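Multiple structures are listed underneath, in structure tokens.
One chain, subunit A, links the two complexes that follow: it is found with subunit B in the first and with subunit C in the second.
Up next, the complex of A and B:
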């Protein structure tokens, strides 16, 4: 199960293993990982093998984040508000994988409805990092990242509204990819902030990410924001040739001099980053530094909070317990809604709802919500302007490896805040964005991110693929410290 | 107190016709069986997304164009957020930022006078579920959830219940002419909010506006306006005008009064924002032009035309334009060169009478304008009498035959020479009766007519017969 999709496919086709054995192994591993790291909401013990076909994913087990609707299988969004919800329809991207013969073996835990970046807020409890149980996986796709890194299966679905695929991937030493907005249908993904929500995948190699996405993508008449990507072939685009490609990094984020009290971890993180840049240069790419107004970069996290909370408040208004979810016994319908929501949501989410509601109020909308939308537009325009000159943006993920559960996040200074939050740019613009592991600090993995212009997924993946080939981290499985 | 005038604005919600709902694939149709026409989106199951029904957009654009509104350059929707058990998503998808039509103006007829009515906007949205209240429970029926709804908002430019009612009737007729809605109040397809204020006749300052919600019939609208004008005027007369607050009330069908719901300060903040799941859709000029061309002439234009250019009476014209299919039938007759007044008469007296009697629709009526033309030309040729024509009209329909099938049997003897010979022969055999007649027994005239009819087996043209007899008997 530590193998890649293509390797497993070969074994299946040549009958070196049977799909039944593969599923059994994956389920066994699921129970172990659940025991150790608390990564799942549901393990599908009755998962059935499917026919082995030409499709590379046929017969291969995979995991699905629990905010995807899966017919007949509990889908909770890791929230008490849906703790008993069994949908009667399956999300488009899951359906496509099932149709291709992939076998869903579990539903993975997430920060409640994707609203969190720590993996500590699922209703089933925190997900632990498989490299070090005292650390978090980051979130919100914590369970998916943990399971893929632990070798439960070669891939799992995630969702990404701020950095929910790409940061956990970095903290768990694996690949996390969210394609251009609309390349994957969101039909059946429980919404957090619709204009920022992306489906995506966590794997142990860029090739696997391309294979899975090739199967999942396509226009869906259930999602008006999806588009026809039949001309895009991600797997075929991985040539390993990036000669002449131009990349840039942002000076305000990458210059170590910007961090007054830089600790040794941060210094090491940038050393690793710079080493990756050197590798890319060796492959024939050019890399330049670009400067972006620091105020614009500082605004990223506030813009994200305002927009995502506003959309979330509205998106989650359907959670009243009247039609689905545990129904309250209160005496009238308004009391029922109130009780369901009061008891069901965690304090973190309630806080976000209050922010969302506040910024949407008539008297505040102009000042907060609309201004945030304007700043989002300015940031996206700036990036699009840069993407005219460059093939991709390359930046380190986060300020280092996975954080400890008891680490006080407030000590981060303003500048590391930008370092922690810049992946949200990818959601503002709907840009294709991929994180791959690029080194270790104290035996803990760290990641690097490559982001490109909309619809340029082939290029972004090929750059990541090329870099991955020059490093020894492809296919790695987590080893506890 | 100075004479008061009322200022009235209307918000009219009307369910639109379409195969499926405005954002889901569920059937858009009334059903007695609760929750039988529903898709996952209509019950807001997590992960479902709205997909705009193009037919509904087309219908809304037809209305927008017919009300002389301007259309936005692109289509977009907004969310109106509020919690209510009939609203499964917790928000309604509607149009706030860019309604499908703004700044319209139409002419309506009130007591034979034309007045302009200004349209603030018209927008496309989704209906809520319906709640059925019982003694101690309420059932939610999601069949109505997501049914396309068009909301039309007028400027405060109406001044009486007559104007308001005439306006609503006018709009209902437009919707039916455009075939975008049955606009049937009995089926609950139309719901109105009525805004009423009063002010001194010579004043320019509008009085305090009171909004009355959920008035579901035209008579209800008239009664609401009546009641509010009376209530507000009385308070003003008594010097208590400051007691009128900017508030929302509701019409209570039973007591025929309006009842306070909430004050302006308690107004719900709907926290509108752009619906992120529906990308902006450009409304291309070519499409708008194409739609424009598909819009039929509306009733008022037709009526004016019938009176001015065809010379019909106001009364007849009104009957003809009441229903588009009748008016279309009439215009088809004109195209076939049937005399306008003759066809109007036939439609109003014979055809509509027949249709009403048997509860038939003119659209698939067997007696087509072509058949009417056949019948009328026989009449004009004097081959049949008007009494015969009415009988043939019925026979043709009932036996599903053609007019000509009945003409052969009924061919009138209208050849003057032939008739002349027959009459001369009869007169030659009735010399005594002629003398009696000449002496003054003029009622014997009918005896001669009868003889002619007997001789010709009733086929003699009665007019011609009388004419010849008259001439002969004079001489």
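Up next, the complex of A and C:
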């Protein structure tokens, strides 16, 4: 299970290993990882073998974040409000992988309904980082990142509304890819904030991310925001040639002088980042610095909170405990719903709903909701203007490696800095965005992110692939400290 | 002094059919203050009020509308499977009109 998709496929085709053995190994590893890191909601012990075909994923075990609907299999969104929910249909992207012969072996834990960046709020308890159990995996796709990094299988599905694939990937030393908005159908994904929600994948190499996404992508009549991507071939686009490509980074984020009293970890993080830039230059790319209004960058996290909370409040209003979810014994319908929601939602989710409701009130809409949406436009327009000049944006992920559990309680405070939140730009504009591991600080992995213009996924992945080839982190498995 | 109050937070929570503990209420208040400060900065961005709010990820996307034809729907038994109490083809709830 430490191998890549293509390596496993070759072993299966040449009958060096059977599908049955592969599934058994993955299930055994799932139970070990559950015991150590609490990464799963469900382990599918009855997973069946599938026929080995030309499809590279046939017979390969994989994981699915528990906010994807899976027919006949518990799908909780890691929330007590859906702790007994069993869907009667399967999400399109999962269905496509199953049809290609991939074998789902578990459902992974997440921050409740995807609303969180720590991996500490699943109803099954926090997910521990496989590099250091005293640290978080980040979120919300914490279980998927933990499992892929631990070598349970070569890939798992995630979802990304703010940075929920790309930050856990960095904290766990793996690859996390969120394609352009609408390239992957979201039919069957529990909605959080529909204008920001993306499906995506966590893997241990850029090639594996391309292989899986090539299978999952495509227009879907069940998702009107999906589009025809039949002209895009991600795997074939990985040439390793980026000569002449132009990348930029944002001065206000990357200049260490902007960080008062920068600690040694942050300095090391930027040193690693700058080394990655040098590698890209050696490959023939040019890198330039661009400046963006600091007030706009400072507004990113608040814009995200206002918009995502507003959309979430509306999307989650169907969670009443009447049509699905555990039912309250209260004698009155409203009391039933209130009891279900009060006891079912975690404090973080409640907070987000109240903020969402407040900013959507008629008297508050203009000042909060619409102004946030206007800033979203300014930021996206600025990025699109820059993407006319450049092939991609490159930035470090977070302010360093995975945080200790008591370092970040996922509360928006005045000290939240731009470095922690900038990946949300990728969701504001639906930009394709990928994180890959680019080094270690104190034996803990750190990541780098590459984001490009909409529909330019082939280019973004090829840049990541080229950089990955020049570093020794491809395919790495977590080694606990 | 904050313009947000504990009573205000409880009132919004009640509208959402959510009960809050004292601690949860306090956390909402703190977050409101942070957001409000950022929104104040946003309000001062030149020409902000004239901009069209961006409500969707891709402004220029051609949405995929399917033909308006009736397709088979799911069996009622499947739709009711997750409901706590059912009566035939319907979901059972306590009497609403007293």
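In this text, the second predicted complex is superposed on the first by the 472 of 481 C-alpha atoms of A that agree within 3 Å, B and C clash if a C-alpha of one lies under 4 Å from a C-alpha of the other, contacts with A are read in each partner's own complex, and residues count from 1 in each chain.
Convention: contacts are C-beta pairs under 8 Å (C-beta built on N, C-alpha and C of every residue); 3 or more make two chains touch, one makes a residue touch a chain.
Predicted, not measured: the structure shown is a model, and the values here were computed from it.
Student: After the superposition on A, what does A:187 contact: first (subunit B), second (subunit C), both or neither?
Tutor: Only subunit B is touched by A:187; subunit C is not.
Student: Should A:427 be classified as contacting the first partner (subunit B), the second (subunit C), both, or neither?
Tutor: second
Student: Of the two partner chains, subunit B (first) and subunit C (second), which one does A:362 touch, if any: first, second, both, or neither?
Tutor: After superposition on chain A, A:362 lies in contact with subunit B alone.
Student: State whether A:91 touches subunit B only (first), subunit C only (second), both chains, or neither.
Tutor: A:91 contacts subunit B only, not subunit C.
Student: Looking at the overlay, what does A:224 touch: subunit B (first), subunit C (second), both, or neither?
Tutor: In the superposition, A:224 touches subunit B and subunit C alike.
Student: Just to be sure I read the superposition right, which of the two partners does A:347 touch: subunit B = first, subunit C = second, or both, or neither?
Tutor: second
Student: Between subunit B (first) and subunit C (second), which, if any, makes contact with A:331: first, second, both or neither?
Tutor: The answer is second: A:331 touches subunit C but not subunit B.
Student: Under the stated touch criterion, which partner chain does A:322 make contact with: subunit B (first), subunit C (second), both, or neither?
Tutor: both
Student: According to the contact criterion defined above, which of subunit B and subunit C contacts more residues of subunit A?
Tutor: Touching more residues of subunit A than the other partner does is C.
Student: If we overlay the two complexes on their shared chain A, which of subunit B and subunit C does A:439 touch? Say first, second, both or neither.
Tutor: In the superposition, A:439 contacts neither subunit B nor subunit C.
Student: Using the superposition on A, tell me which residues of subunit A are in contact with subunit B and, in the other complex, with subunit C.
Tutor: Shared contact residues on subunit A: 85, 88-89, 195, 221, 223-225, 313, 320, 322-324, 333-334, 337, 357, 369.
Student: Name, in rising order, each residue of subunit A that touches subunit B in their complex.
Tutor: Within the complex, subunit A contacts subunit B at residues 68-69, 75, 77, 82, 85, 87-89, 91, 186-191, 193-195, 221-225, 310-311, 313-314, 316-320, 322-324, 333-334, 337, 357, 360-362, 365, 369.
Student: Could you list, by residue number, the parts of subunit B that touch subunit A in their complex?
Tutor: Its residues touching subunit A are 40, 43-52, 79, 81, 83, 85, 88-91, 138, 140, 269, 271, 273, 276-279.
Student: Under the stated contact criterion, what part of subunit C meets subunit A in this complex?
Tutor: The contact residues of subunit C facing subunit A are 9, 12-13, 15-21, 23-24, 27-28, 30-32, 34-35, 37-39, 41-43, 45, 48-49, 51-58, 61-66, 74, 78-79, 81-85, 91, 93-94, 96.
Student: Can you list the subunit A residues touching subunit C in their complex?
Tutor: Touching subunit C: residues 84-86, 88-89, 181-182, 195-196, 219-221, 223-227, 295-296, 298-299, 301-303, 305-306, 313, 320-327, 330-334, 336-338, 341-342, 345, 347, 350-351, 353-355, 357-358, 367-378, 380, 411-414, 427-430, 454 of subunit A.
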